[in-house]
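Structure first, then comments.
Chain nomenclature is as follows: A, B, C, D, E and F, assigned in order of appearance, with residue numbering initiated at 1 for each chain independently.
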Amino acid sequence: MKFVTAVIKPFKLDEVREALTEIGIQGLTVTEARGYGRQGGHTEIYRGAEYAVNFLPKIRMELAVADELVDQVVETITGAARTGQIGDGKIFVFELGQAVRIRTGERDSEAL
Amino acid sequence: MTTTRIYRPAASAAALVGLLAAGPALAEEAKLDTGDTAWMLTSTVIVLMMTIPGLALFYGGMVRKKNMLSTLMQSFATCCLASVIWMVIGYSLAFGGEGAFHGGFSKVFLTGMTADSMSGTIPESVFMTFQMTFAIITPALITGAVAERMKFSALMVFVGLWSILVYAPITHWVWGAGGFLAGEGVLDFAGGTVVHINSGVAALVVCLILGKRLGHGRENLAPHHVGFTVVGAALLWVGWFGFNAGSAVGANNSAGMAMAVTQIAAAAAALSWMAVEWLRDGRPSVLGIASGAIAGLVAITPAAGFVAPGGALALGAISGVVCYFAVTWLKLKLGYDDALDVFGVHGVGGIVGALLTGVFASKAIGGTAGLLEGNPGQVWLQLEGILATVVYTAIVSAVLIKVIDLVMGIRVDEESEREGLDIRLHGESVS
Amino acid sequence: MTTTRIYRPAASAAALVGLLAAGPALAEEAKLDTGDTAWMLTSTVIVLMMTIPGLALFYGGMVRKKNMLSTLMQSFATCCLASVIWMVIGYSLAFGGEGAFHGGFSKVFLTGMTADSMSGTIPESVFMTFQMTFAIITPALITGAVAERMKFSALMVFVGLWSILVYAPITHWVWGAGGFLAGEGVLDFAGGTVVHINSGVAALVVCLILGKRLGHGRENLAPHHVGFTVVGAALLWVGWFGFNAGSAVGANNSAGMAMAVTQIAAAAAALSWMAVEWLRDGRPSVLGIASGAIAGLVAITPAAGFVAPGGALALGAISGVVCYFAVTWLKLKLGYDDALDVFGVHGVGGIVGALLTGVFASKAIGGTAGLLEGNPGQVWLQLEGILATVVYTAIVSAVLIKVIDLVMGIRVDEESEREGLDIRLHGESVS
Amino acid sequence: MTTTRIYRPAASAAALVGLLAAGPALAEEAKLDTGDTAWMLTSTVIVLMMTIPGLALFYGGMVRKKNMLSTLMQSFATCCLASVIWMVIGYSLAFGGEGAFHGGFSKVFLTGMTADSMSGTIPESVFMTFQMTFAIITPALITGAVAERMKFSALMVFVGLWSILVYAPITHWVWGAGGFLAGEGVLDFAGGTVVHINSGVAALVVCLILGKRLGHGRENLAPHHVGFTVVGAALLWVGWFGFNAGSAVGANNSAGMAMAVTQIAAAAAALSWMAVEWLRDGRPSVLGIASGAIAGLVAITPAAGFVAPGGALALGAISGVVCYFAVTWLKLKLGYDDALDVFGVHGVGGIVGALLTGVFASKAIGGTAGLLEGNPGQVWLQLEGILATVVYTAIVSAVLIKVIDLVMGIRVDEESEREGLDIRLHGESVS
Amino acid sequence: MKFVTAVIKPFKLDEVREALTEIGIQGLTVTEARGYGRQGGHTEIYRGAEYAVNFLPKIRMELAVADELVDQVVETITGAARTGQIGDGKIFVFELGQAVRIRTGERDSEAL
Amino acid sequence: MKFVTAVIKPFKLDEVREALTEIGIQGLTVTEARGYGRQGGHTEIYRGAEYAVNFLPKIRMELAVADELVDQVVETITGAARTGQIGDGKIFVFELGQAVRIRTGERDSEAL
């Protein structure tokens, strides 16, 4: 099994989720994140004091997938999350050792 | 039935106009007027609202999230403490008698304020409570300068002593019977000196002695919720009509004109702050326009019963720009950490307003002419009022905070400051 | 022009003082006084503000985030429902006639309230609406006890019936013409029994029958945003001047003194709660000082037109400490889950206030002497008023909620309680 | 002392009743009444509170978090700009003279408003400021339709010009001396046409030209904090008493009855909206009941001094249901993106209210009979008032926004809309 | 060493933490997350506009553990987090390369 | 490639980010987290009810780095995030299988 972590632009979340659903993905978990990268940040000024805001809002999404699906998943995310503008984000793929579905105790591929 | 004092002699000409218009002759001055009383009851209510929740939110939104509750606490507890102190001793020192510098002890614990004591056309109980709301907001304003790093215990001690040693006497000077500034003709309709210059200068002194926040100038100390600040500013604005129009001590022409010019000056200052910020920084900030409105309200405070609408428009526009530079340039230049800009907005705004009252005062409105109507002397008088206040409050506030520092310490330890005052001082946190 | 009733006979001595001071003789009682009317219009406005947004925020900040909207909804919907019920039947039951126990049906749908009906020196329309705001806040207070687990539909049914069967009659007993408690001389200036003891006891009864929240005593049920609670407390405080000073039904000396003592008692109670908490827990909490202020406001409510400033200071200080122990010790001891402490603050505070009214009442202020002025009988009278209210509201509220439980169920299912009432009952969530 | 105009002739019968009840004969009309003045000062304060913070919060809670500050800014800056414009020219155009279509330029910069100018029994300064608060909220209401996508600079230009070209003239038509609609007997007690139909229709026109928000109909555009919206709705409700009861221009019977019916209609509309939503969607939403209350307040605005309590109950209940369908059905059907439903609530609610005023008007209350009392002509008159307003505001608003679009563009670029207006237009963000 | 990531229902957090403490786990890190899965979401309606809320609140918990503890940890979490209802969540187990305690610079098993 | 996850004290974020920038790191993603560990928590009392708050605010930071940089990165974080007080946090290092830059589709070392 593989574990895919993707960092994307927040407003792309729904599109990406829909695209993944279409290729049969049934579960994923997201967290709100802030990203630092080439995209740079901006400056906020409050009563004369300037603060550099280096981090921009991102969505961090993770999903466990069967080995054979991983390429398709990466492609799907890339396709749906791309705007072509700097800051579109990254996808990381890890080896996943074990997966368990808490409700049933099912393991690994049955747990996804 | 006893009538104990004449209120705010500086405003008397304006009040006279109002009273004449309203009909009843001044001779029967001890007779209760239900309309005047209704308006003063209302004014009291909305001036209290200025501090809680108004100021509490205005300040609470500007600090970091970890200090929000402690900031609300500073306003709320100041409200409670200043109320009790006013009842116990403050009111007496301010309005208990006719000394040049303070009013004495004859009204300690409100002795002698009976069910039928009058103060002009309103019950003395209403006058006392109205004034109490001023005694509440003035020290509460100071807390903005020390936000995010002062010990709550030390702050309470300071607020208590300062209310007695600084606020009550200065109130007497300007508004008390026999007060030396009022006697000389200094114009302060609703508290430009007593409330704003006083708290602004005390705030500067205290924050200088307290020192800067950890990470000041390096870390991001930005407001955690400008939304709360806007709501607070709006409630301050709304309540300010009690402050300014209420200072006419009746529902009369003077109150009406004070209300009109207050609205005009606030709006003009908000727009002028916004304009200069837009030009310099390329965008108008929400914190900016709210700050501008408060600056205008501060500046019109001494002038409210004395200037005409046109004067108010100019006064407001000027004060917005001046306070903008006080807050964004002067403060950076001098490098002090007046966390929420009490000096920049209330101190500077109060001084600008007091001076411009001398410039724009109109005989037709409040009975006194200003510079523009050919009376340059009024500007000098205003300057005298400013100086007396600045010197006294600066010295006494400095001594007070130094002594408290020696006795009990005024600053939280570094770890508490890092983790936040909410959890460390009050054991609570905003989710 | 018709004048239908004498308002709040218990306060009449105080009102008399006010009226004499104000000039117009009582004989012309049906003549509209614009000042009195202005103040009563204002009072109505700010008492409404106590419930929405005041109480709504006070309660909304104290629940967990997932129940915030449902808690706001309980106050808001109660406001709407109680308004309509008051107009349809409640006002008539309370003020429609001179029975000992209720006022009858002559004013159902406000029949007979014409454009020129008077109630003393103010239009009856103003009196009716002022009273409506009391009829709104009383059931709204109860909702704090059942927060986070009661079905909204069942709550609405309860509020509707309770307004008719409990609130309206008790109001008549104390303030209605011919009401049996007023006739006996029980002092309740602004609703210590009618509003606070009444709602506090009903709240206790209902939450006992409803049962504890899931996870009570084990899970973290801490307030999700004490900031909202502080804002709510502040708006309650500000609006309380309409409640107490408005209960003088005019802009007179009685209103002035009621305002002064209200402020003093609230501040004293806030400080005393803070002090005892600081001593026991090692830190003063923000929720604590806010709770203390409300406790003081509750306790001064029956006393407002009857006690002098010194009495108010003592009364406030005592009530802050007593309510602190009611909330932090008694409740834990007895183990009930009065979620937002309606009984501990309003029930206990109301009882303490009603008794201390009998202790501190001053002849010079409100025309009636209390224990300290040598009239111990007043304390017994107060006790009678308390007992009558407690017994009646406890029994009828219990029967009511039991019946509703049988008919439709009063508690949400476990899953809804886990997930939160906002999403489950109202389909919405706070981000 | 000068008295310049007769206020709101449509309300004169009601006012007459009030004045007679209050005692002083109309002949001495220029004499200041402190009670009337007190109430009008108060009304001015609370109508200002309707816009800031009321409307600001009501709208601010309904947008997405990234646009919250920009939405607050739209209300706040509109408040400032409309104030200055009213002082400079708006007041003169509305109330400066007796033309059929506008009042002329005689009061530009408030020329001639002296310290003792009267307007009926209150100072002209109070009248002018009271009217200013109406001139503030009307354009502020429009901003709800364009939320989350309009350029702030373009909005300010629009608000400025619209205040002069649309708001001031229509005000004159209805309430100005010689205004053509007032002359014909169109009833509009507190601004159903002037404020609500006017802003609602302008909002519709502007949002049609501006276009839908990105993602409209596909993405989740749900309110980020219904809690703020409820607080805003509550403050609007509370302040509305200044709006409606204040429009009696005195503390009289008319004000009292206006207050009573306002409360009843608001409550009834909130409940009827809740009921229909509960039936259709299976659950009563918090946003729903709050929206219903506002719909009821809008609808009772033209009717407040003219209908009896029973009429208000019916009017409120009807308007809640009609606005519910306007917002949930009509809008979806027609597909426009009126972001915060200004047209659905204020436009539709205003039209329903204006018509039902013609239906339920009661001779005994306001001096004019409506359809139910056998005067069908009043409904036609009301229709005329509606049509005149709709046509004028629709055309001028459309031309105005088109011209501004051509000159400077009215919509932010796509990236700014995605990232949020707070950070892009104002450089700030809510944590 | 292994690294365990678990997605659970929010109200189960305290129970799970206590259960883990009992078997000797001394540290873990949690973040607030939103999950998409078989549990489905719900619909919110605001003034006539329906929005499908596909994501439900979850707690994402992660902890590094010694190899020999991993089975016990997985069992403990499964036991404490289970309600038997759909949406109970998942457990994922990864191989952990290195661990460092920042305060002391201790490495690997000493760092946990 | 390696993937580094660090849990640090919130007020150290800016210092750590700057230190990493200095050694050439160009991107990272952070989330707000709450940590349970030896540092312990505190007790909050609301109206007599005591609640143990076991979790303290932390920042969770993650970054993908080339294999040869990983030691330097770990050192840099350790240095910048250390206060010497309990609760400074942890660093975990994982093997990273794949990385993709969404904007360009670039893979692995080019994607970082």
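In this section, a residue touches a chain if its C-beta (ideal position, glycine included) is under 8 Å from a C-beta of that chain, and two chains touch if they have at least 3 such contacts.
Every value quoted in this text rests on a predicted model; they were computed, and no experiment measured them.
Novice: List every chain that touches both chain A and chain F.
Specialist: Shared contacts of chain A and chain F: B, E.
Novice: At the chain E/chain F interface, shared numbers over all numbers used: above half (same) or below half (different)?
Specialist: Counting shared over all numbers used gives less than one half: different.
Novice: Name whichever of A-E and A-D has more C-beta pairs touching across its two chains.
Specialist: A-E
Novice: So how far apart, in whole Å, are chain C and chain F when each is placed at the average of its C-alpha atoms?
Specialist: Here the centre of chain F sits 52 Å away from the centre of chain C.
Novice: On a C-alpha centroid basis, what's the spacing between chain B and chain C, in Å?
Specialist: A distance of 33 Å separates the two centres.
Novice: Measure off the straight-line distance from the CA centroid of chain C to the CA centroid of chain E, and report it in whole Å.
Specialist: 46
Novice: If a residue has to touch 2 or more other chains to count, which residues of chain C qualify?
Specialist: Residues 33-36, 38-39, 42, 46, 220, 223, 251, 281, 285, 287, 427-428.
Novice: Where in chain A do residues touch at least two different other chains?
Specialist: Each of 31-32, 44-46, 53, 94-95 in chain A touches at least two other chains.
Novice: How do the chains pair up in terms of touching? List each pair.
Specialist: Taking the chains two at a time, the touching pairs are A-B, A-D, A-E, A-F, B-C, B-D, B-F, C-D, C-E, C-F, D-E, E-F.
Novice: Which of the residues in chain C come into contact with chain E in the complex?
Specialist: It comes out as residues 215, 218-220, 418, 423, 427-429.
Novice: Considering the complex alone, what residue numbers of chain F touch chain A?
Specialist: Interface residues on the chain F side: 3, 17, 26-32, 64, 94-103, 105, 111.
Novice: Which residues of chain D touch chain E in the complex?
Specialist: Residues 217, 220-223, 281, 285, 287-288, 291, 327-329, 331-332, 341, 344.
Novice: Touching residues of chain D toward chain B in the complex: what are they?
Specialist: For chain D paired with chain B, touching residues are 1, 31-39, 41-42, 44-46, 48-49, 52-53, 56-57, 60, 68-70, 72-73, 76-77, 79-81, 83-84, 87, 109-110, 113-116, 118, 122-126, 128-129, 132, 152, 228, 251, 422, 425-428, 430-431.
Novice: With touch defined as at the start, can you tell me which chain D residues reach chain C in the complex?
Specialist: 14, 17, 21-23, 33-36, 38-39, 42, 46, 65, 223-227, 230-231, 233-235, 237-238, 241-242, 245, 250-257, 259-260, 263-264, 266-268, 270-271, 274, 281, 283-287, 289-290, 293, 309-310, 313, 364-365
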